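Chain lettering (A, B, C and D) follows the sequence in which the chains are written, and residue indices restart at 1 in each chain.
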Amino acid sequence: MSSPLLSIEDLNISFKTSKGIVKANQGISLEVREEEILGLIGETGCGKTTLGKAILRLLSGKATLEGKIVYRGTDLLTLPEKEMRRFRGKEIGIMLQNPSACLNPVLSAGSQIAEIYRYHEGMGKKEAEKKAGKMLELVGISSSRGCEYPHQFSGGMLQRVMVAIGLALRPGLLIADEPTRGLDTDTKLQISELIAGLVRKENSSMLLITHDLEIAGRLADRIAVMYAGEIVEIGKVAEILSNPKHPYTLDLLHSLPGKGFRTVSGQPPSLVSPPSGCRYHPRCSFRLEACSQVHPALMGFEGERLTRCFLSEKGRINETAAQPFLNAQSALKCEEE
Amino acid sequence: MTEVIEKTEITEKAYLAEKRLNFGEFGKNRLAVSGLLLIAFLCILALFAPRIAPHDPLAQRLDSGLLFPSTEYPFGTDELGRCIFSRVIYGTRISLGIGLLVVAATSVAGTSLGLLSGYRGGLLDEVIMRVVDIVMAFPNIILALVIAGLLGPGFSSVVLALAFTQWPAYARLVRGQVLSLRKRAFVEAARALRPSSFYIMRKHILPNCMEPVIVLGTLEIAHVIIFASALSFLGLGIQAPDPEWGSMLKAGIPFLRTVSHLTFFPGLMIIFTVFAFNFAGDGLRDSLGQPADQEVLAR
Amino acid sequence: MWKYIAKRLAMISIVIAGVTLVAFSAMYLAPGDPAEVIALARYGEDLSASQVETLRVAEGFDAPVHVQYMIWLGHLLQLDLGKSLVTSEDVLTEIRQKLPATAELAIASLLISLLIALPAGILGALRKNTLLDKSCMFVSLVGVSIPNFWLGLLLIWFFALTLHMFPSYGYGSLKHIVLPALTLGTSMSAVTARLTRASLLEVLGQEYIVAARARGFDERTILFRHALKNAFLPVVTFAGMQFGYLLGGAVVVETIFSWPGIGKLLVDSIFAMDFSMVQGCVLFIAVLFSLSSLAVDILYAVLDPRIRYDRRD
Amino acid sequence: MALLKVEGLKKYYYSGLFKKEIHRAVDGISFEIGRGKTLGLVGKSGCGKSTLGRTVLRLLEPTAGRVLFDGQDISGFKGSALKNLGTKMQIIFQNPESCLNPRMKVYDAIAEPLRLHRLCERDEERGRIQELIEAVSLSEELLFRYPGELSGGQLQRVAIARVLGMKPEFIVADEPTSMLDPLVQAQVLSLLKKLQTEYGISFLFISHDMQVVEWMSDEIAFMEEGKIVGFR
C-alpha cells in the first residue's frame, strides 16, 4: 500500500450565517494516495465543495476550520499565507465549479494559462505563451484559440481550459470540482476521460468531487460518499458499486437513470440543525431504533472499507437489497462494454 | 468574497432565503435606521413648523437686522431682521415638498414607461428609449436650469423642470430589470397561463423590480433637493421672500465676510436633509441586497 | 465591434436630432410672445408696438413655428448658431471664446477628483469594513450630500476671505483656478470613490478571483492583473456620466467664482432672455456630452472583450 | 386520433443588418403524440429542442407549420380560445430556482392558475390546493413559504402542482430534472409518471439524458440542428 499523498484528519468546517452556524464538514477523515483517483460523491449542499476549497484554504474568513490537512508531510492549515501560495497551483491544482465564472472575462484563455508560467516559473512572455499553447493542445484545443476570450468558448471547451489551468504546473494532486456538471452526455464522457487520462499519464493523483456516480464509477479507484457534511462510506469502487454498505449509498445507486429510479422520500437535512443520531435515519428504510439516538462512527468493515452505519456489521443491507440491485449493476456493466 | 462561498456552498436557494430576510437586517443596519430617524425628524419639522418656529419667517424688523445668534434668534437674523432659525425651519416644507412631489411623479411615470418599454419591446421600446436618451443627453441640472429659467421662477416651475429631467432614470432602471426578469422561467410560466400582458406586468414583473426603484427613489429625493436649492441659489428657482435654503444662501453672499451665519445655517440644513436621504437610501440598498450599480449610484 | 460602434453612431445621430428639437422648443417655454420678451430685454420698459413688430420680422418670429425650426436647423447645419438677441454677437464665436475656461476648469476638477477618489475607493474595498474604510465611506457620503455651491462659499470664506490665500473670483492666473477646481473636484470625488469601491468589491467577490488565488498568485498580482481591469469597466462608463456632472457643476461653480466659461454664459443668457444664446449653449453642451458618451462607449468596447468580439455559438 | 399533431413546424430567427442571417432553430418538424403517451425528445444543448417545446405551445410564434391539438389547428387561436388553451397545454421548466415568482408564496403560486381561469369557487380553493399539494407529496406547511426557502426538488413539485391544478391534457417537460441531484431526480420523475397514469396526461419530454428519456417515454425522437433525425 502506497503512503498517502494528502491526508485529512478530523476536519471540521463551519460558517456563521444569519440563520445559525452551518456545520458544512464534520469529522472528515480522508486520504488521497499517490497515483490514485478518489471520487468524492454527494448531493448538492452536502459540503463536498467546501471540503475541496478547504484543502487549498480558499474559504472565506467567515469559515472556521479545525483539524489537519497534511500534504506530503506538511500540515497546510498551520502554514502562513505566504508559504501556502507555494502549494496552490504548483503542488495542488484545483478546478473550481462552473468554469464560466472561474475564468476572468477580460483576459484571453491563453494568457490566463501563460500567466501561471510567468508567475511561478518566471518565464518570459513569449516562452510562457508558447507553453500555454502546448497546454491547450494537450487538452484538445487548437493553440490558435489561445487568444480568444472565455465568452467565445462553449461549456465543454471552457472546461478543457480549466483542465489546462489546473494541470499547468504538473501538480501532484488535482482537485476537480464537478468537472462535468451541466455538460451533454457525450461531452461529459470526453471531458472526464481527458482529465483522468492526463492525471494518470502524469502519475498524479486526483480528488474528483462530483454528484455523478457514473462518472466517479468510471474514473475513480476509490469512492468516498458524503451526506450532510459527513463521510458515510469509503471503499474501492467495485466494492462500493457492487456492494454498498450504507443505505444512503444504496439509495443513491438505485436512483440512477436506467436503474429503475427507485425513490427515497424526504430531502437532505439542514446543516444548521442536522437530525440527531444517524443523519440519514429519517429517510432510511432500514432504520433501527438506535439510529435516531446514537450517532454512528465511521466503522471499519472488511479491508479498507469504512461505513457509518450500525447495520453494516450485521450485513442486513445485503440480504434485503441484493436482488434488485444486482440487476441494475449488471445493466451498468453491460453498458460499459 | 464571503457571500460567494455561501452561494455555491449552501446552494443558491438558501442564499435567496437569506436575502429575503434582509428586510429584518435593515433594522440592524444602524446607519440606515438613523437615516430614517433623521427623515422622520425632518418631517416633524415640516409638519409642525408654525409651532416650532419662534417667529414669522417673513416678518421683517429692520431695527434688528444682521443679529448674531442669541436665545431670541437661535441662528441670528438676516439683513431685513427676519429670524433665520424660523426661515430654515419653514424651508423644510419647501424642500421636502419639492423632493417628494418630484420623486412621486417621476417614479410613477418613469417606472410605467420602463415597464412598457421593456415588456412590450419593439417600436414602442425604441421610441421610449430614444426619448430617454434625448433627455439624458442634457446634463440634468442644465436642462432643469433652462426650463425653470425660461418658465419663470416659482415653485411649480421648479417642480416641472425637475420632473422633466429626472424621470428617465427610472425608465432606464426598470427597463433593464424587466429585460432580465423576462428571461426568467417564472415569467414564461405565467405567460403559459395566457393572461393579459398587463396582468403579467402587474403581478410578476413589477413586484420584482420594486426594490431598486425604492432605493433609487430615496436617493433621488436627495438629488432633487440639491438641484432645487441650486436653482434657487442661481436665482432661477424659488425667489426671495420665500424661505428656500438655496435662495437664503444666495442672499447671504454679500455678508459672507462679516456675518457668515447667514449662509452657514441654510447650507447646513441642506446638507443635513440630503444626508438623511442618502443615508437611508444607502441602507436600503445594502439591506435589499441590491448591487451598487451605476444606474442608482451615478447621480 | 464595428457593428457595435456603427449602432452607437446611428443612435447618437437620432439623439442629437432630438436634442436640437428640445433646444429649439425651449424658447417657447417662456410665457408670452418671444418677440415681445426680447424687445423688452433689448429696449427696456418704454417700447412701442411698432418696435416689437419690426423685431418680430427681423428675427423671423413671424413665420410658423415649424418653418422657424427648419430655418434654424438649416443654419445649424452650416454651423451657424445665429446671433445673440441682446448683444448681437455671433453665438458660436462667443461659445468658442468661453470654451477654454470651462475646459481648464473641467480638466483640473477631473484630475482632483480622480486623485482623491481612486485611492480612497480602492483602499476602502481592500480594507473592507475596517475603521479606515468606514470613515472613508462616511466622509464620502457626507461629501455627496454637500451641495457644491455651499462648498464653494465655504472655500471662499476660508481660503479667500479669512486666509487670503487664493482670490475668491476671476480668471487668469493659476491661483484663480484653485478654488473653483477644488469645489468641483471634491464634490465629484465622493461619488467616484463610492463607485470605485462598490465595483471593486463586486469584482473581488467573483469566483474568478478565488480561482486566481487557487493558482497561487499573491494578492498584488490578483488585484492588478485580475481585479482592477474588471472593476474599472463600470468606472469608465461612469466617467462619461461624470462629464455631464462636470458640465452641470460648472454652471454653478462658474457663477459663484465669476469664472468666464460656458456655464456662466448660459446662466447670464437665461437672465437676459437671450434665446438664441441659450439655445446655442444648451445645444453645444448636449452635443459635447453626447460625443463624450460615444467616446466612452467606444472605449468600453475596446476594454471589454465581451463586446469587442461577438459571441460565437 | 393523436392528441397532438405537429406538421412541418418551423421557427427561424433573423438577425444581422438586413435580417439576412437566418438561424433555423426549428426546421420543419412533424410528430404526433397520443393521449396519455410520452414522446421523448433527445438532443444536444443548442439543437433547438427547447425552442421546439415552446413553439408547440405557441409561447413562441412559429415561422411556419401547424400544431393540431385535439384535431384543431391552434395557430389561429385568439382571445378566449387561446386563454382556454392555457389550461390544456402546459409546460414545466428546467431551472427550479427560477420557475416560481420569488415574491409569491407557494399557496398563491398554485392558486394563480385556478383564479385566473376561475377553475374553482373561492371557498373550494383551499381544499383544491390541499389536494394538489398532496398529489405531489409535499407537506402542507410549505404552502405559506416563499420559493426561496424551498429546495430544488420541492420547487419542481410545486411547479408541477401548479400545472396540475388546470387538469392539463398535454405538458411539455423541458429538462425538468437536469439540474437536480439523482435522488431528487428519481423522486420527480416517478411523480411525473404516477401523475401520467392517474390523469392520462400526454408529455413531450425533453432531455439530453438518454437513460432518463428511455425510462419516461413511449417513443423517442432524436433532434439535431433543428431537425428530427430519427424516431425510436
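The criterion applied here is as follows: a residue touches a chain if its C-beta (ideal position, glycine included) is under 8 Å from a C-beta of that chain, and two chains touch if they have at least 3 such contacts.
Predicted, not measured: the structure shown is a model, and the values here were computed from it.
Peer 1: Specify the chain with the shortest distance from its C-alpha centroid to the centroid of every protein C-alpha atom present.
Peer 2: Given all protein C-alpha atoms shown, the central chain works out to be B.
Peer 1: Centre-to-centre on C-alpha atoms, which chain is most distant from subunit B?
Peer 2: It is A.
Peer 1: State the pair of chains with the top count of C-beta pairs in contact.
Peer 2: Result: the chain pair B-C has the most contacts.
Peer 1: Approximately how many whole Å separate the CA-defined centres of subunit A and subunit B?
Peer 2: Distance between chain centres: 51 Å.
Peer 1: In whole angstrom, how far does the Cα centroid of subunit B sit from the Cα centroid of subunit C?
Peer 2: So the centroids are 20 Å from each other.
Peer 1: Centroid of subunit A to centroid of subunit D, CA atoms only: how many Å?
Peer 2: 34
Peer 1: In subunit C, which residues are in touch with two or more of the other chains?
Peer 2: 206-207, 210
Peer 1: Would you pick out the residues of subunit D that each touch at least 2 other chains?
Peer 2: Residues 151-152 of subunit D each touch two or more of the other chains.
Peer 1: Mark out which residues of subunit B touch at least two other chains, giving numbers and ranges.
Peer 2: In subunit B, residues 1, 4, 8, 11 touch at least two other chains, as defined above.
Peer 1: Going by the contact rule at the top, pick out the subunit C residues touching subunit B in the complex.
Peer 2: Per the stated touch rule, the residues are 11, 14-16, 18-19, 22, 26-27, 29-31, 141-142, 144-150, 153-154, 156-157, 161, 191, 194-195, 198-199, 202, 204-207, 209-210, 234, 237-238, 241-242, 244-245, 247-249, 251-252, 255, 266-267, 270-271, 273, 278, 282, 285-286, 289-290, 293.
Peer 1: Provide the residue numbers of subunit A that touch subunit D in the complex, in ascending order.
Peer 2: 43-44, 155, 184-186, 211, 213, 251-252, 254-258, 261-265, 267-268
Peer 1: Under the stated contact criterion, what part of subunit C meets subunit A in this complex?
Peer 2: Subunit C reaches subunit A through residues 206-208, 210-218, 221, 225-226, 229-230, 233, 303-306, 309, 311-312.
Peer 1: State the interface residues of subunit B toward subunit C in the complex, per the touch definition above.
Peer 2: That would be residues 1, 3-4, 8, 130-131, 133-135, 137-143, 145-147, 149-152, 222, 226, 229-230, 233-236, 246, 249, 253, 256-257, 260, 263, 267, 270-271, 274-275, 278-279, 282, 291-294, 297-299 of subunit B.
Peer 1: Using the touch rule from the top, collect the residues of subunit D that touch subunit A in their complex.
Peer 2: On the subunit D side, the touching residues are 44-45, 137, 151-154, 181-187, 189-190, 208-212, 214-215.
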